[in-house]
Amino acid sequence: METAQPILQVDHVSKVFAPQLTPVLKGLTFKQEPGQFVAVVGPSGCGKTTLLRCIAALAQPDEGAVLHRGQQFDDPPPWLSIVFQDYTRSLFPWLSVRKNVAFGLRDLTKNDRDERVQAALCAVNLEHAADLYPWQLSGGMQQRCALARAIVVQPKLLLLDEPFASVDAQTRIDLQDMVMDICQTMSLSTLLVTHDIDEAVFMADKVVVLSARPTHVVEEIAIDLPRPRDQLATKETPEFLHLRHRVYTLVRQQAQKAAGGNVTEKV
Amino acid sequence: MKLAPRLANAMKGAVGVALAVACWEIVRAGGIVDPRDLPSFASIVRSVAIDLAGGELAIAFLTTFSSWAPGLLIATVGGVIVGAALAMLPRLELATRPLIEFLRPIPSVALIPVALLILGIGLPMQLFMVVFASIWPVLFSTKAGVEGVDPRFLETGRVLHLSKTARLLRIILPNALPSIATGLRTAAAIALAVAITVEMLTGRAGIGFYIENVRLNGLITEMWAAILMTGVLGYLINMLFMAVERMALPWSLENRDR
Amino acid sequence: MTVRRAHSIPLLWQIGIIAGLLAIWQWAALIHPAPYLPRVENIVAGYVRLWHGALLWSAIVPSMYRLGVAFLIAVLLGSTFGITLGSLRGLDPWVRPVLEYLRFIPAVAILPASLLLFGATDKMRIFVIAFGSTFPVLLAAIDGARRVEPMLIDVARVIRLTIAQRLVRVVLPAALPSIFAGIRIALSIALVMMVISELIAADDGLGFYILRNQRLFLTENVYAGVLAIGTIGLALTLALLTFEKRVLAWHHGWRGLVDPKGV
């Protein structure tokens, strides 16, 4: 093959939970190249988590297909890793941080495993909390623990479901830098679901804007801001502001459409 | 739930029951045990019908019931009073704690020989055993229920100038009832088991004696029929208590889940 | 000073009540000698006799052996099947009615049948004890396995654990608090069934010891036997609680944070 295959292809995916309800996803299509950082934004409840579950093969689409390197999977592909939206519920409360991170490592000698876990903990600055239980950590630390568990298996494709929701603004900024850094050094392909438009534009190479339900792709916007990006400098450039404006306009249109039947809900 | 999945589940359940019966027949045919000791399931069911209609089995059940019900009633009243008292009078609870912690781990049935010595064979002895065994779950669930009343409710009562009795009857009791009801259901099952045990050991009339007696007389099918029906009785008692709970305590968390 | 007073007064009461009851017992036994009111010192002597020498081997050890084997069977069977049934939800409607029926058969009612099948052997006693104590573990394990946070299962699927690995590494630890609650109930049922099985058909063990001494009107030994059973029950419960506390250390801390009022 002359060109590298896309690492992920979402091809006309539809998902219906109950026949009498509006479909959640309808004909959703986009693709992601290896090493690309894609951000998905859309109104709340439009089916972003559902989309990620379909991509991870935790759920099967009713129509269409999800292709990983051109292949369809019934179980999560081995090179895929995911950080769930609700991280408090996705960490094992009976395992220490270290053991939570090591949970996914198999077929390694104890030495290799310890090394990998240590490296992952270092990458997220959590070495000092390695022997605590996750429920003894702050929200931001728990989130970093979930992140460490996702990268310790050295995935090729990392799915992040609103990973920075429900942490304070400063922690959020630190986590953003950390994730960008990790994805760069591990040359990961990352798919980030978020509803923070600044975050999407700041971090991604491409922003996929989703519609309200039934959800499909409204537009894909390439973000060609140079890397490395800086929280202050990049966010002040006119290019950033222009892109942010475009994405924001699109998302607001969708949100208004979503609230269309519901007059009381202003956005 | 809609009708179709319900029907499907009932069908699956029926298949499960049929499989269990088939297992019974396989064990029977397998020759691990003497087939005379394991009569065919059909003959057991036939025997149930005959014995129930003939009255002997039905009378045995009624006799057991006649010590089970008063025993459970006494245990309920006593357990609720003592449990509530322990929950509301912390000093009493503290003073009697070692005594209760000492009595609790003694398996009730170990006291049967003692009760025989003191009370002899008869209704008082059986009642005593039933009460002694089944009072504990009521007592502890009452205590937990009363202790678990949200202090904000009690404060509300005080702000509304309710008297002490009114607070007890209108705030504490309704709050503790779901917990008491759960304890009562456990107590009902224990009371049945103990009543049966006493009958088996002392030869007092009732289903326990009936089972032992038909076994000693070599009426194997009758014995299995009686055991089968004892399970049905236990199941029905539980159903009855659950149904009453659901009607009387719609605010119970257990009922809200449904 | 005041702190110590506040602690010692209830202790005095506790000791006082026990001592008072013992004194009343002893006084009644002295002025009103009856077969069912042996003197306190005789009961104590009988109790001490039980714990060493021949009686230890003919009363306590056989009982403990039956209890131990049956209890182990109950815990293993109950948690294995419970976790499997609880996590493979499709299975539930098939087995539910049978289970719901079996759990309400009082284990005593099974005893004559078991006697018929196995004779008056240890096999029969172990069967009856295990029958009674499996169900609390089984039902608690089913319940615990059903309540496992679905997201944890998703995590395990992304890591591509097999179903068996998922059961052992995710469902089992998550269901363990519930299973332990079931085991505690099972322990008290096992104790009851141990006594009954020995009262009805045995020639050794504590139940048999109590019954024989009752027939011989050696009442102090009857009381001593009852106390010994209570002691065993208490010791096993405490051992279980200690074990549970170690295994479930995470759960106590975690529940304290998530749900301060408890479940």
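Letters A, B and C mark the chains as written, and numbering starts fresh at 1 in each.
Rule of thumb we're sticking to: a residue touches a chain if its C-beta (ideal position, glycine included) is under 8 Å from a C-beta of that chain, and two chains touch if they have at least 3 such contacts.
Please read these numbers as outputs of a predicted model, since none were measured by experiment.
Contact topology of the protein chains: linear, an open path with no closing contact.
Across the assembly, the mean Cα position most removed from that of chain B is the one of A. Among the chains in view, C has its Cα centre nearest the centre of the complete protein Cα set.
For this structure, the chains sharing the highest number of C-beta contacts are B-C.
Each chain gets a centre from the mean of its Cα atoms; for chain B and chain C, those two points are 18 Å apart.
Averaging Cα coordinates per chain places chain A and chain C 49 Å apart. One finds 53 Å separating the Cα centroids of chain A and chain B.
Note for the complex: chain A touches chain C at residues 53, 56, 58, 75-76, 78, 80-82, 84, 86, 89-90, 92-95, 103-104, 133, 135-136, 149, 153.
In the complex of the two chains, the chain B residues touching chain C come out as 8-9, 12-17, 19-20, 33, 37-38, 91, 94-99, 101-103, 105-114, 116-118, 189, 192-193, 196-197, 200-201, 207-208, 211-212, 215, 220, 223-224, 226-227, 230-232, 234-235, 237-238. The part of chain C that touches chain A in the complex is made up of residues 149, 151-152, 154-155, 157-160, 169-170, 173-174, 176, 250-251, 253-254, 257-258. Here chain C touches chain B in the complex through residues 10, 13-14, 16-18, 21, 35-36, 93-98, 100-102, 104-113, 115-117, 188, 191-192, 194-196, 199-200, 206-207, 210-211, 213-214, 217, 219, 222-223, 225-227, 229-230, 233-234, 237, going by the rule given at the top.
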